[in-house]
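Given below, in the form of structure tokens, are the structures.
The following pair of complexes shares a single chain, chain A, combined with chain B in the former and chain C in the latter.
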Partner chain A sequence: MISPRSGKSARKRHERALALAFTLPSLVLFVMFMIVPIFGALYLSFTKWSGAGAIKYIGISNYTNLLHNRDFWISFRNSVILIVLHLGFQLTSALFFSYLLYRTKPGMRFFRSVFFLPSVISATAIGVMFSLLFNADLGPINFVLHELGLHDWALPWLSNKTTALLVVSFIIIWQFIGYHVVIILAGMKAIPEEIIESAIIDGSNTVVLFFRIVYPLIKDMLQVSLIFMVTGCLKAFDHSYVMTMGGPGVSSSFLAVFMYKQAYSRQKLGLGSAAGLVILLLAFLCTRVINWMFYHKDEESVT
Partner chain B sequence: MIRKENRKKLYSGGLALGMMMTAAFGMSAAAEEIPTIRFAHQDTASSEGMQVIVDALDGYIASVADRYIVEQEVVAGDDLKTKIATDMASENLPDIMWYWGAASDAGNMIDADLLITVDEFFEASEKLSRESFKAPLWDQTTVNGKNYCLPVDNLESNWVVNKTILNELGIEMPKTYNELIAVSDQINEAGYIPLAMGCKGGNPGHWWVDQIYWQYEGAREELLDISESWNVDTENFRKALQVVSDLKEANCLPQDTIANGDWGPYWALFTEGKALFSWSWAGGIAGIGDGFEWELCDMLKVDETNADTSNLSEPYCGAGLMINKKSFEDEAKRAAIVDFVEWYCGPEFQAITFINDGVVPTLVDCDYDVSLVDPVVQEVVSRNSTREGVLTHMAAIPNASVWADYQSGLDEFIAGTMTIDEYVDYVQNSLESNRE
Partner chain C sequence: MSNQKNQIGKRNRRIRYKSCAFLTVKLIILGMFAATTLVPFFWVLMSSFKTNSEIYGQPFSLPHHYQIDAFLQAWQGGGLSRSLSNSLFYCAASVVLVLLLSSTTSYRFAKIRPNKALYAFFSFGLLIPLHAVLIPLNVIYSRLGMGNTRSALIIAYAVSNLSMSIFILTAFMRNLPDELLQAAEIDGCSGLQAFVRVAFPLSKPALATAGMLAFVNCWNDLLLGMTICSKENLRTISLAVYNLRASFSDDYNVLTAGITIMIVPAVVIYTLFQEQVIQGMTAGALKG
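Moving on, here comes the complex of A and B:
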């Protein structure tokens, strides 16, 4: 006779086996294509290798090289600027538009799709399209500025060190606003209707409703959005590479562009791997900081 | 005694085992008989002419399918370099590659002894020899005195002038850079660009800068000496950069040389009728169309030099087929590789690429129906047949990293965000730090 206790443990074993069976394929793929390459890159980051011939161990030289590399620090600075611009414009715009959609009942689905549309278009296509728009000699933007008599505003957008970075950053911000709108809107839609109705009955206006009711209840979604945003900035590549190849020089280059150029254009796989690991480390640190900020604030509000 | 249901299991198991063994033996037998070779290249059906070329390639591959299988790995543009770098790092290099043969691109494969020399190939080939190819073409891909690249990508280039703009503005055609600077304001005021030239990722700016540099006496020797001296910081090079800087200052170039850089955008300025002068490959020139009046012309002369630009052209034959040494040493693949390369570099396919894409035959003997070749391409080839060819920094710089810095810095310099001193120092520092 089987005791109820042993039946329970058998069921548990069965459930564990089942869970393992379902998890195993993705776990194997994750280890093979994410974890193993990370260790591969870690190994390469201590070597000098062009991709062919003997691999030469050079200790931490690639990391000290990065510390003294002008292009690395410009790319690092550009990535930080991109993050700041994302926080300043993308996050606030996404919050604004998602709240607008949340409070707009008719046509909400249509506008949600419209906002989301740019984020499904390939970054290459977006890059080519904006290169043409911002082309100072043929593009419509400068044409309109000249027609309006704003000749001083008609700049060589992609050949100027400052404007090239801002244009590329603006396009990345614009393209993915809709992506974050969808995430944040999902959080807003999860708020029970009764809470909103009670607040309105109690006399809350739209601004109070947002800051006192909606914002505290969508913090989890904001946290997710913020992590995607910051890590996305750290690995930003396509737009910069397609529009300016990170140029002029490295003035619109981000860390991922720097990494790619070192590994492939300059055939320095060790230095490229070291840059890749720095990006990974920064992404990990930023994620931890964001998680800590949200966790810390939650703790404070509980006490 | 075996029970009925077990007997069934036994039969089906035996049958499955038999099928697997047959398949395994069959496959190994087929593998022994028909080798498979991998061919990486960048021929895509991007135009009507290229469609004909791709069809010819596919047709030949289909025709030899009973002897060997060719797996095509097609990656267009400079992304092919990324693909080959990845293949190389993962020890998965294709058997045959269409690739750039100068040290700045193939240097690491050559240093790592991954490629055979063309002479090793010629020893195995009955149809091709070193003498089959036009002798001057070998210079552009000579690395440490040897050649690893069978030249096939042979391009002729020329300058073009928009005569409609000249007529509209009532100006004489400038023959020198100073003459161009003198009429620059007039051209700009009319809404045109004096010279359609850009620079993104070094293209096409680096070709143009070398056309200026070459005109200074001694530039040729300086270029040929770079692989020995590891020095680009010469008076001539600085003078050439000064010409570029003066042209930039006089608004002779597009405002935005990055947005108008790379092969498509800068050329669009000319083909759209927006620029007075430009320069391109024969195939590009053949596609200008008849939207405005234009003609071929000599490259502009640098005023302070004695160069005769009516005797100068800038050809390019820096790319072709390279063969993986390991694959070539594999007896099972060797015959297939030789046959395929003989066909790809042979007269039949070269005639097809000439007629349909303006790629000039590299073989000494290559018959084709002249009437099928675009008249513009014919004219460019004919004009340049006796001219001196400009050598480029791309062929002279001995290291990929330095070449990447040269191109990246040139983007900055032509965009006007780097001075001559800064640019020369940047490239020179790169040369020194990469010298081993």
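Moving on, here comes the complex of A and C:
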């Protein structure tokens, strides 16, 4: 006969073994291919290495090089521009369209699914698609401009320094408006119906309703949207790489494109790793700043 | 009394009339935005059935005769047949792998032995941009002799989705009723059987959400596929479509056919599992 005590401890042991068996595979892969690479990047960022031959330790030279690297600063500036354009156009459009959708009974689900569609589609496919549409000689956009007699407007969109950055940026913005509409809309739907109804009975019109009632109540969702937007901008790669290769020159290159090019076109793995870590640090920092901003605002509204 | 009622009725009618006009304007604006969302894709689809001269001469007309030559060219000449099956395999394998890994680990966190520190450690992966680990990841693969292998890419996809998947599944499994699992154990199930027979099947909705997210991420990935599997016969669909532009730069019909081939599986998945896809892709936002 098994005493209840030993039965209990056998069960305990079984539980412990199961917990271990259920954690170990994930943990091993996660550590090997996610955590170790971060330290690997840290290590490589202090070295000079082309991928073959000896790895040479050079201290913080890669970081000081970044500070003096013109291409890095242009890519950095472009990423900042991308963030500003996102705040100015993507966030506002997402707010506008989600507020329009909110409380629109007919077609709400239809519009929501249509708006979200581009977010599901590969950035590579979208990049190739728009590089065809914006092609200077063969593209339909210039075709239409010529047809309309607007010959001066038919620019070489993707090989002009200014327009290349703008076109790439607005395509990223366009693709993910629907994504943020869904997030913000979920926040709006969580507002209790009575609050809205009593505001309407009090005579609030739509605009007042938005700024007085809806906006303060969806701040949590806006915070999340903002974090996703800004970190997404810092990671922006596919569209720029596919449409312009970051060019002409580096005029439409973002931080991630800069990092990729240093590492895989110029075989500067050390410098590339340093740039990769800069992206990581900026993502952390921006998330912190956004959280801090919202935290402080909350405090103000309480007092 | 009746007078008052009448007035309220009038007022209501006026409001209804006003809100009707308002609704129409709203629907028009929403419709216009929906159109800008759909038109580029529609253009791609239509162009893929046209001849090149038709595309250049009348870029926005419907095809005069629907032709599938461009699809055949992209499929064979562009190597899309190979990379489409590659990508389907990578996606399927990495979704299975990430669901196996994350469901077991999440079950441990939710029901066997909660461990806050370890859970936080896994969550840390949510904050790491792929770009920060890309270079060393490739170095590790080549040191392990795994450069340009299918398994390397599958593992990379699985690991890059692991944190999110654990996050989704742990949140869901925490809400599974303990009584059910205890009942299973009283009925003689071991802990493992309780997971396989009870917890895993009950977690289907969360598994679908996490699986859809992983699938969409893999299908749309360019960067990992480009750096880990650049060999021609291992190429992902993204890389093949990207390369298509080099070999068919002036053949808009072949290029649009290639884009269509790449987009269709994603659109099909989205149409069939729309709520799961949306939930998966916004999970970090809506449950966090």
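Going forward, the second predicted complex is superposed on the first by the 269 of 303 C-alpha atoms of A that agree within 3 Å, B and C clash if a C-alpha of one lies under 4 Å from a C-alpha of the other, contacts with A are read in each partner's own complex, and residues count from 1 in each chain.
The definition used in the following text is that a residue touches a chain if its C-beta (ideal position, glycine included) is under 8 Å from a C-beta of that chain, and two chains touch if they have at least 3 such contacts.
All values derive from a computational prediction rather than experimental measurement.
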item	value
Three-chain arrangement built on chain A, chain B and chain C clash or fit	clash
First (chain B), second (chain C), both or neither touched by A:S131	both
Which superposed partner A:L269 touches (first chain B, second chain C, both, neither)	both
Between chain B and chain C, more extensive residue contact with chain A	C
Touching partner for A:V250 - first (chain B), second (chain C), both, neither	first
Touched partner set for A:K261, first chain B, second chain C, both or neither	first
Contacts of A:V224 with chain B and chain C, given as first, second, both or neither	second
Touched partner set for A:L158, first chain B, second chain C, both or neither	first
Chain B versus chain C as contact partner of A:L29, first or second or both or neither	second
Partner chain in contact with A:V242 - chain B first, chain C second, else both or neither	second
Stretch in clash, chain C with chain B, out of 117-125, 189-197 or 225-233	225-233
Chain B and chain C contact sites that coincide on chain A, given as residue numbers	51, 131, 138, 263-264, 269
Residue ranges of chain A in contact with chain C within the complex	14-16, 18-19, 21-23, 25-27, 29-30, 32-34, 36-41, 43-44, 51, 97, 100-101, 104, 106-107, 111, 113-125, 128-133, 138, 140, 143-144, 174, 178-179, 182-183, 186, 221, 224-225, 228, 231, 234-235, 237-238, 241-242, 256, 259-260, 263-264, 269, 272-273, 276-277, 279-280, 283-284, 287
List of chain B residues in touch with chain A within their complex	81-82, 85-86, 88-89, 108-109, 111-114, 193, 200-201, 254-260, 265, 268-269, 272, 274, 400-401, 404-405, 408-409, 411-412, 415-418
Of chain C, residues touching chain A in the complex	23, 26-27, 29-30, 33-34, 36-38, 40-41, 43-44, 55-56, 59-60, 100-102, 104-105, 107-108, 112-113, 118, 122, 125, 127-137, 139-140, 155-156, 158-160, 162-163, 166, 190-192, 195, 216, 219-220, 222-223, 227, 237-238, 241-242, 244-245, 250, 252, 255-256, 258-259, 262-263, 266-267, 269-270, 274, 277-278, 281-282, 284-286, 288
Chain A residues within the chain B interface of the complex	49-54, 131, 134-139, 156-161, 164, 243-251, 261, 263-269
